[in-house]
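Two complexes, one shared chain (chain A), two partners (chain B, chain C).
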Partner chain A sequence: MIKTNPIEVDRDKGNFHYNTDYEFDAGIGLSEDVVRYISDVKKEDSWVKDFRLKALNTFEKKKLPTHWATKDLENIDFDIIRYYLSKGQMPSRTWEEVPDDVKRTFERLGIPEQERKFLAGVEAQFDSEAAYSRMKDDLSEKGVIFVGSTEGLKEHPEIFKKWFGKVIPTSDNKFSALNSAVFSGGSFIYVPPGVKLEQPLQAYFRINAENFGQFERTLIIADEGAEITYMEGCTAPKFETSTLHSAVVELVALKGAKIQYVTVQNWSNNVFNLVTKRAMAHEESEVRWIDCNIGSRLTMKYPGVILRGRKARGEVLSIALANDGQHQDTGAKMVHAADETTSNVIAKSVSIGEGRSTYRGLVQMPGHLKHCKNNTECDALLINSDSQTDTYPAITVQGEDHSVQHEASVSKVSAEQIFYMQQRGLSEADAMSMCVNGFVNDLIREFPMEYSVELKRLIDLEMEGSVG
Partner chain B sequence: MSTLKVHNLSVNIEDKTILNEFSLEVPAGEVHAIMGPNGSGKSTLSKALAAHPSYDVLGGTAELDGCNLIGMEPDEISRAGLFLAFQYPIEVPGVTIANFIRAAIQARMEDSKSFKAVDYYKELYQKMDDLGIDRKFTSRSLNDGFSGGEKKRCEILQMAMLDPKFCILDETDSGLDIDALRVVSAGVNSMRSAERGFLVITHYQRLLDYIVPDKVHVMWEGKIVRSGDKELATELESKGYDWIKEELAA
Partner chain C sequence: MIQEKVQTKITPDFFSEDYFEKFASNHSWEPGWLADLRKESWERLREDQDFSLKDERWRFSPKSRLGYSHFESISDSSHSVKFNQASESSENIWDTVDNILLDNPDLISDFAEISGPNLGATESFHLTNTYFNNGFFIKVSGNPSQKLQLSIDHTCPQEGLVSFHKNYVVLDDFAEVTLIENFISENDTSQGGLSNLTHFKIGKGAKLNRILIQNMADGSSFHNLENFDLHANSTVVNVECFLGANQSRIETKGNLLQSGANFENFSFVSGRKEQLFDQRTEQHHLAPHCSSNLLSKNVLQEEAKSIFAGLIKVDSEAQETNALQTNRNLLLSKEAEADSLPGLEILANDVRCTHGATTSRLDQEELFYLLSRGIEKKSAESLISLGFIEEIIGKVQDEDLTQTIRDLVCNHFK
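Up next is the complex of A and B:
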């Protein structure tokens, strides 16, 4: 870790941009016409178009949540954003068929290698639509569905419609409403009863165009006893103006199912990343969000689990790194809605330079339930004296026999620690990196191996130039 | 051959002068002990030589093999060959002993050389066995939750692994029981060689029964006020420091 080897994966990895001609372009700004255009291009059924138009109306009515969230949200100019850009609606099934400019982008990001190495399936989204989507043949034979949302709506409307918008209603918040109006891309996954995926499925989200808004919509359904791990990665080039990424992700774990959802986000510093993620966990099912937020200008994301079946289990493991000019506003929501449900939240944040990290937690345990458990730990590490962290845990527990545990800590890397490590020969920056890696290490171990290696490198790079 | 030559070193902490034109020479191959009452400047000397940021060097030089350490960064001084075993080793949560020592070794390796993990662990385990440190400690966080004795053993382990040219032991005997003192001293003695120098800072003569010094210096108000052989330590032990203060006052 200490010798700075030539690094292949880094924060600048995504900072490149090839000029691309788009066949479909909804133009600049948001209106009913834009929403109709998107729906027409996708040749959607009328119920989807109506759903979108209703959502647009909700979006326009809802205020920005600046009464509790940062005023920086007011700097998003919805009138200059481009809401839909694509080269076509149907993704290629082989790399050869992917258009050259798009292929170049994903090859540079290492997507085809990763697929060969350790994945059961890959979807690569370029701006609004999936450019490539493929899954191992034996999984389709077992009835597993892994396609983009556009294709999912067309090919599997009966499953899609049953669950779509049921975990996160359009009106949940202003950005879920915006997503519901203009959503495009994202993954649609269905795992049939008892099917257990041994390798992860992965989606890669790439913003390529300037002033573009990416609004993917992901819906994952694990039927009874099914198991799946899904991973997503994201990058964008560094443009002069800001970019909006506002996804909605809904997970449904039916009886005894297990879903693990892993995010490694490495946005450039001008991305507003405002994402709504929530899962519905039925009886004896297990949902685990593993979430790592690096980069972006502002991230607001609080993955949640609604524990609606007896003995359901929800977990959020979250790492956030806030560097200069960044605000990571992250957390978790655990809504206990059945007896004997358990939830666990472990959140670690690192604030570097003038970076700011915020933890917001919500835990609800109503009085009519029995034997629910929650454990929450949130730890913040401050690197510099300008670094900032704040914590807002909201835990509502009613009734007699629940068990709730909450721990929070704030620590600063001390000058004595750095001196001690330097006395053994490590440079100040390397000492700092080791402290930060040490702080997040137990959580990083929970990540799939391929990701944990990349993550450690990303953290080292974030630490560069952060001292002195 | 590594000689430590300190000349007229003056050091302030928060505008208070602690070391006042301090001079000392420890030739390669020798072990020198510095004794003295609390507040005489012993620990300041060790911290200042290691370039702790809270200590301001006002003047003077400290040469290791002719290279002036004053003005260098703490990590540069370490890589130049000076090792300081801390009086109070710092806890670093999350950073394991094995990873930390490995990083410290890699920090002093030439780029062309590749690190051999198998050899590294062989050597690490051997030295842990010698110092009576359980091998499970490799995956424990550095000094985190260690007892006083465990911390001191871990300091000597790092010293042995990093193979420094010159070692300063700052009150390594404090907080050690007699068995730990023996083991730690044996570890230090096994590193004595014609090339390596040691500066042993202690309050008590007891340590010097195990690590027998070539010379003993007494420090008082930021200066060396008396030097002698190991008998001086025995004399101090029986008479205390007051007789030196009285002699100086006279």
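Up next is the complex of A and C:
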């Protein structure tokens, strides 16, 4: 068995780094001054500054959740992280305004310029601030607001203040508190009633400076009957020391709205990715989280839906791929808080080499509700003998009018399948790769075209060297 | 309100040093190793007292209900363990722990250091090790021509009292035994607590058939901790029926230590009123080629609550493991609650592990069918529920016993 490190392949992709001059730098470490500095640089209103300072206080009080989560969290040194960097204060508006070196970075990330013409609006985050942001005219004609977090809070407080920090309160967990204190970047989106976006909105995120945490904040509001698909993809260059990424994503689907949030994540394997994602689904609305986690040292991400309106529907589809030195701790939360709400969770994980993937789930149905339904399926595939997988669902059901089913299975690729394909001339590695792709295929189909192609390629890359 | 709060904080006498010293002096006749064990356990009990409230092993559990604060002292009844029936045999040993300690203490000393299931109930574990004053010891030799059947009654004490039982079941290589344990109350006023800790050591190729029926009086408390150590090619079929007591904490752990072991654990809960059944299990695979199967079915009426937390743990050495775990809950009322925490921790890749958990209500079509034939709703519910748990009852081989269990379940629907 040839034991090449499959991570190498991954690293090379993002293993480049341009020296950029950071115009604003809050220094290293976290203190009240740093938070005030960030707020001042962004010229924020005083309520936002107060919100940040209160969050800092909460962050300091909260303990790490190590009584159930991995002890690896203790390795994060909050004192050596840079909490704010910015290329400039305002996001650039046109492609011409984007600096050349930044353009080169995007080039390497493989976002061809012509592709953007088809994308409704591309907000590519370069470090903290959106370096490139453009909206097609027809989007603004429809009244859609697609801005960065700073812009959103400053220019449209009447829309965003109402829901900002409401779906995920600051004190939800230690990392949501951290994000609330130092957030910068991210997308604030508002879709007016009845507006259905045919093309997905998209943003690319990237961490560039060493030891620099990225704390983007996203808030998407789909007004009554609106429909939106939002996509984010992540790549990060290789660095020697650990990097922290801790985002907060809040979705609000008002009556009859539909939100689909697609994430494809491919962090380099020194990144701690600790993300809090939650949606509030009102009457007859539908929220779908589609999530693909590849790379990172530790990912902890449990997208949730609070089903608070009658007939609301929540769905989480997730794929996790854990390679050597990686721990994908992902899952889903479904909180049923209204009659006739339904939820569906399908999670598939693949552990390669010494990788570890974990599913953590939560389903709650109180007794005063009627006709709630949940379906959860988690399947895990183990490739090598050192691979590890865990499943920890928690299901609470009260009352005689609900139905919940949970099923999980763990298996390996069967020797018969490999043998069959080898008989037909495929190498063992190709056969294995094909089996893994087949395992996740029905979920990958749910991703938009360009992502599913990219995903299959990524899985092939990850599989390289693990077999044969 | 304030008074209530103060009351729950009162720790019973038996946590105090005086009580322990008095207890120890009353048991001065016991061998030295046992005195050491009791002392050590008592010290651990004091150390572990300030447990964190956020213990995952107590998730969903109203821990205050499962404490010992409502007991004043320890029952000193020496008749709380009784052998009902046993087929004759000369090679096998069974008796109460007290008698063994008097006649042949060395038999037990070999197993003094055995650990418990260790699934969270450390308080019960240490208390039982400190204060056990009853229990049984069974050692079965490996003569395949003799199939031993034993039936044992554990009796719950009066209100305010708690009994601690520590039991040992040792099956030599190729031994076969059927063990029936009944947990009962003498009458309706026996509302005390019964904490039971059992170590099972199953030798190579041995077979254990164990049936546990808990039908204690309303208002009583039940703690049952059991640890099964399975050696090569041994089989354990464990059937547990939980019907009584106000609150129960049940911890069952099967350690599949050597290749070819097979652990099957079936249980049902029939809960009503404000009953709480907090059930934690673990199937720990340490060796290759083992299989384990768990099926837990709960029927809950009125305001009953059940918690099922099961874990399948497969070590990296345990290749070619086959492990299953299923939890099915049937809720018959608005206030009933079922919590499920099915878990998997898999470190080996060549395994087949699945778990499933479902919770729902009665099939409305089935109910309608019965109602339309003139059967009363309560009886219809009882019939469907009985059918639901028949899958568990059917695992009991003894015809008379299965009928007894069915009757007990039917009584719950009156």
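One rule holds in what follows: the second predicted complex is superposed on the first by the 447 of 468 C-alpha atoms of A that agree within 3 Å, B and C clash if a C-alpha of one lies under 4 Å from a C-alpha of the other, contacts with A are read in each partner's own complex, and residues count from 1 in each chain.
Operating definition for what follows: a contact is a pair of C-beta atoms (placed from the backbone, for glycine too) under 8 Å apart; a residue touches a chain by one contact, two chains touch by 3 or more.
Since the structure is predicted, the reported quantities are computational estimates derived from the model, not experimental observations.
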First (chain B), second (chain C), both or neither touched by A:68: second
First, second, both or neither for A:438, with chain B first and chain C second: first
Touching partner for A:427 - first (chain B), second (chain C), both, neither: first
Which superposed partner A:398 touches (first chain B, second chain C, both, neither): second
Which superposed partner A:380 touches (first chain B, second chain C, both, neither): second
If touched residues of chain A are counted for chain B and for chain C, the larger one: C
Which superposed partner A:419 touches (first chain B, second chain C, both, neither): first
First, second, both or neither for A:271, with chain B first and chain C second: neither
Chain B-touching residues of chain A, taken from the complex the two chains share: 1-3, 414-417, 419-428, 430-431, 434-435, 437-442
Contacting residues of chain B [partner chain A, same complex]: 50, 52-54, 73-75, 77-79, 83-84, 86, 89-95, 99-101, 103-104, 106-109, 111, 141, 158, 162
Parts of chain A lying in touch with chain C, wherever the complex brings them together: 67-68, 367-368, 380, 382-412
Of chain C, residues touching chain A in the complex: 52, 54-56, 59-60, 316, 319, 329, 331-362
